[in-house]
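Shared between the two complexes below is subunit A, which has subunit B as its partner in the first and subunit C in the second.
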Partner chain A sequence: MKLITSLPLIEILILFISAFLMPFVRKNKNIKIVSVTALTFSFILSVVIVINVLQNGAFYFNTGYIDTILGIQLYIGPVESLLNSLFLFVIILVACFSFFTIDSEIRENRIKLFYIMVNLLSASILGVIFTNDIFNGYVFIEVAALTSCGIVVVKETQDNIKAALKYLIMSTIGSGLILMGIAFIYSFTGHLNIDLIHQAILEDYTQYQKALLITIALFTSGLGVKSAMFPLHTWLPDAHSTAPTASSALLSAIVLKPFAFFLIKIMYRMIGFDLVNQFNIITIILTLGCCGMLFGSLAAIFQKNIKRLIAYSSIAQMGYIFFGIGLGSPFGAAIAVYHMIGHAVTKSALFMCSGLMIEKTGYKTIDNYKGLGHEMPITFALFTLGAFSMIGIPIFPGFISKWYLSIECIHLNQLLLIFVVLASSLLNAVYYFPIIINGFFGIENLKNKEYHSKKVETQKLLPIAALILAMVLLGAFSKNILDFISPELH
Partner chain B sequence: MQYLLLAPILFPFILSIVLLFNKWEEKIRNRWVLCGIIINFLLLIHNVFILKENRIHVLKLNEFIDIYIKMDTAGIVFCFLVSFLWILTSFYSIGYMHDERKQTRFFIFFTATLGVTNGIALSGNLITLYLFYELLTLFTFPLVIHAGNETALKAGYKYLIYSFGGAALSLFGMFMIFSKTQSLDFIPGGIIQPVFTKELSYYFMAYVLTFCGFGVKAGLVPFHSWLPSAMVAPTPVSALLHAVAVVKSGIFSLIRMSYFIFGPTVIMLIKGNDFALVFILITILTGSFLAIHQKNLKKRLAYSTISQLGYIMLGLVVFNPDSFAGGMLHMIFHAFIKITLFFCVGAIMHITGKTEIQEIQGLGKQLPILMWCFSLSAISLVGIPPTNGFVSKWFLAIGSLQTGSFVIPIVLLLSALLTAGYLLPIITTAFFKPIPAGESVYTEPSPFMLIPIIILTGIVLLTGLFPNPIINILDTIAISVI
Partner chain C sequence: MALFHNYYDSASIVLFGIGLATLMLNKNLIKKIIGMNIMDTSVFLFLVSKGYIAGRNAPIITDRYEGVTAYVNPIPSALILTGIVVAVSVTAFLLALTIKLYETYGTVDLEEILKVKGDDHEVNNQSSLD
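Moving on, here comes the complex of A and B:
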């Protein structure tokens, strides 16, 4: 039993150690192998953890067997184990994709740095997901912030460095807010462990109700900056659109989510559902989620650059997650988690498709993709399936989150919110459909145009195809997934 | 053998995939299309007589995603209508598309749309219907933008936005129904029972949302403007969009929603029909008035469709057996009439290149068979015996008189006059105006186009003389749902 409970830590350590070993590897090719081997090992361990959680339920792990008050504790429940293994799955596929594309996008001597950053980033993300100690969470968040800036800036172009600086500044402000929140909580509860804080708060929160409100506000805005909550999203389009394709896929699909999940942890495990619902913050999160859903999509309509368009679409999709959190019900949070998974798989595939389009045509703007569906049919078909999930065609995960969110709105007697959900999915259709339609039907545009190369290599398409397949399966097994994750949030 | 139930839906898809991957010559491809669509019709007949009222759960993922195919009488009637008209349309399309570009793409989506429409007909619950309803938009869109020019694309986007908007509204209604009933299966007489007094406004909102949502495709008036715009499509597509595939799918979804989800009693309880009636009467009149002002033949027919769809919906919200039979009859008969009219207009365009009404002066002498078919169908649409349009309008009139209100019969009468007002001038222009000087000589269209038109005109007359077999079938449906 001891070994199995320590697997989460081993997972994180494998990734950290592999990252620190990489500087000693000479050839770029070997670095790629080291990176993906470490990721794969972690992924296998994560599957073991999921199976263990399925059989024996959630478990705790105390690092170094120190008493929980002093030591760092990890908590692995169904949600954590699921997020962990699915995120690793996506990261591995993105890493596989990057093997074939990263060489043309960044300088050769930066490749080593890129993979070091990827492994550190993955380790810190797992840390944020697992941790049951908010200060430990803060440390991992900082590592994640720096490494994600790292994978943006490896490209070293002018707007790229600008965007990375913007990202760094914004996310440092976010970290500052989170740290202040932690300081507040520590000052009136005397604990850093989430469970202990929860008990302490339940005992005597009436004495520091206002302070608690400020703390939640600090956490919400701090984590909101990092996960691109609506008015705090300004760094995202620049950072995601200028980064190399693999980085954009990672950032958009994976890196936004752990912070939103950490917010769920803070809200619902540290403070508790009943208490959170007494504060107006929850309504503010809901409103901001709605705004994000609408304005993210509206802004995406006016984008010419495909990567910026997909980046704005991410803001809208994060809006759904905050919408789910903001409903203030356990099931709403469960749908938010489900949407995280669904969006992670879909958005990484979309970014990788767009990367292939840019690589093959040499253009970044959508106008140049007319008729491209005939040149690269498989890429476009995969893009179409991903877009269908975003728009909400039945069976795909996007539709299922929308359905459950709407049903939950009816249960909570807030019918008007459904209009926001449906309006947002219509707006998604408005900007995704022209790309698909022009891609398949604008053959005239292809005349007199020379593209770099017509053929897309199979090894670049395989990771995307695997992600789309995973997306379909996530839709098909949505019931099982929700049954697995929702009891814990109750 | 139970899986053969899926054949009318899956077979056209397989056919379109076969077309996608084979680069055949025109003749061989046409043969494949014709054989495929006829075989599909035979499969349907087999299903109707051998499998009878059978059902199959294709895919049950969770409590709401449940792809469920069921054959019931209403579905069979619609499916039969679609599959039969598709055969004639494919003959016509082969003649019409002969000189056009991108023919293979046209036939790929043409056959796939048949599968989707059959899917709508045979859906066993609202979520399956919704899935096919969305797919219908996606598969008909390439047909609408077939010309590929700026106007076609613009019309196509308009069509997409309207259709998705409508589908979103009906999805909203579905959420509301599902959260109360936990089921979306179609059961004759409705699944919502009992209704408590405090829930009345809730259900009223759900009804309004689904009615307006599905009404978008059924050409309900404030949401109708995609329909005339979509006229940029090739004529066989316009004919299909108007006669069977799209607008009738909207109507059929309304039938499913009103009689198999809500049920007449609930709708009358929440006074949903009063609300719907206002929209429908406006639809009938607006469609007719706008049709009079159109100079373009296809546009005039498009507005006429809007008005006639109003008749069908009228029959569906009055809730007595006569009205219901009248509405269903008009759904079937209007399909035959409108497809003939469109085929004739398309043939005129194809032969002479003329699209405006004043240009067709004296064409009756040059193309007698074509113009006679047009005239007979037009007379039928006005509702003059012994054509089938008279039969359906008779039932509608009887049904509406039973309500005791005089508004509906007056609107029907006024609209019949307007129908005559916008269709008869076309006939008089063609037959009684002299042929302009210097006009070139035209000959009748190729048999591929002419024979379907003649067959359809024959059906229009025959069903007018002997409507009883169809009425008997519709009466059994009416008894089960009301």
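Moving on, here comes the complex of A and C:
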């Protein structure tokens, strides 16, 4: 029993230690093996944690001290365990994909650094998910910010450095705001542990209503910058579109989510549903989520570059997550978490497909992909399935989160919001369908063109196929997953 | 007045504003980095002043234990130490990126840099099928 509760820490340590051992490995090939071995070990442990949570329920782990006031505490509930294992699953598949593509995208002496960054990033993401101590969360958020900038800038083109600098400056603003929020909450509760803060707030929040309001505002804007909430998203399209394909897949699919999840923790576990609903900030989050859903899709329609298009689509999808958080109900938060999972699996597959298309055609613009469905049938079919989930075709996870969001809007008597969900889905269709239709039916483009073999190697397609399969399964078992995570958030 | 009574808090909020404004509004990258440092320092001042009570000592017991009223809470100082380390590493990374940017663009003015169309866009138009 003792060993099982310390598994989360072991999981994080395996990734950190493997990252710090990598500089001593000489060959690039061995680096890749070390990286994916560490990730796989962590993934196996995470599956053990999920099984344990299923059997025995949520548990705490105290590092160092038994007394919770002194030590850093980890909390592992159903949501944490599920997010943890699914994120690791996606990271492993992206890492496997990067084995075959990263060599052509970055310089040879940078490959080692890339995998060090990937392992550090995964460790810090797990830390943000597990931690029950806000200052510890801040430290992990900083590590994640630095390493995610690292995997962007590893390509070292002119645009790339510019995008990374923009990203880093924006995320330092975010961290500054988060740190100020922590300082505020510490000054009037005297605790850093989320549960203890919750008790302290319940006891005497009436004296500190304004301070509490400022704290929530600071956390929302700080974490909003990092997870690309609508008006604070400006760094995202540049950073995600100029990075190497594997990095874009990781950034868009994984790195945005833990910060949004941390916001859920702050809102609902630290402050509590009843109290949060008294402040207007929850309405602001809902409004910004709606704006993000609409604006992200509108901006994506005008994009020529496929990676930029998918990056803007990420902003729209993050809008759905903030929409779910902003509904201010436990089920809304549960759908936000489900959408994080569904989007993580889908968006990484989409980015990897687009990476393959760019690699094989040599073009980044969508106009050149006419008729490509005949030349790269499997890649394009996988892309189509992913796009279907984004648009919200039934069975796929994208549909399920939109469906439940609409139902929750009806429950909360906010019928106007359903139109926002509908409009956003239609806009999604507006920019994904032309790519698919031109890809499969734009045959006239193939005339007078010399045929070049665009056969994609099987090992590059396997990770994408696995992700799409996982996506379909997530959609099929959505009921079980929502049952698993929603009681936690009540 | 409460504003002058809590002069540490007031000063740190003013500093935070100055830092944030410098970070957001200045076009020069070096000044932006300085602004980020001012912003972080203001948070350190805010938090470390919470751990300061006039006349009390750090909780280090040398000769004899003088009772709980003689010592201050050491946690804010410990947090600030961590915060300083984080701020230093972020500053180092930002400066390194600025050097790289200066090498490729020849300027640290963000407005000038944003005018330049990067090489990534050119790859788009030039590359062909063969």
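Following the convention adopted for this analysis, the second predicted complex is superposed on the first by the 482 of 490 C-alpha atoms of A that agree within 3 Å, B and C clash if a C-alpha of one lies under 4 Å from a C-alpha of the other, contacts with A are read in each partner's own complex, and residues count from 1 in each chain.
Here is the rule we use: contacts are C-beta pairs under 8 Å (C-beta built on N, C-alpha and C of every residue); 3 or more make two chains touch, one makes a residue touch a chain.
Treat the numbers as computed from the prediction; the structure is a model and nothing was measured.
Looking at the shared chain after the overlay, A:478 reaches subunit B, while subunit C stays out of its contact range.
By the touch criterion stated above, A:161 is placed in contact with subunit C alone, subunit B being left untouched.
Contact with subunit B, but none with subunit C, is seen for A:394 once the two complexes are overlaid on the shared chain. When the shared chain is aligned, subunit C comes close enough to touch A:146, but subunit B does not.
Judged by the number of subunit A residues each one touches, C leads among subunit B and subunit C. Contact with subunit B, but none with subunit C, is seen for A:426 once the two complexes are overlaid on the shared chain. Shared contact residues on subunit A (touching subunit B in one structure, subunit C in the other): none found. The touching residues of subunit A, counted against subunit B in their complex, run 393-395, 400, 403, 406-407, 409-411, 415, 418-419, 422-423, 425-426, 429-430, 433-434, 437, 440-441, 444, 475-479. Note for the complex: subunit C touches subunit A at residues 16, 19-20, 23-24, 29, 32, 36, 39-40, 43, 46-47, 50, 75-76, 79, 82-83, 86, 89-90, 93-94, 97-98, 100-101, 104-105, 113-114, 116, 118-121, 123-124, 127-130.
Those residues of subunit B that touch subunit A in the complex are listed here as 61-65, 127, 130-131, 134, 141-142, 145, 148, 156-157, 160-161, 164-165, 168-169, 171-172, 175-176, 178-179, 205.
Across the complex, subunit A meets subunit C through its residues 135, 138-139, 142, 145-146, 149, 153, 156-162, 164-165, 168-169, 172-173, 175-176, 179-180, 182-183, 186-187, 192, 242, 305, 361-365, 449-450, 452.
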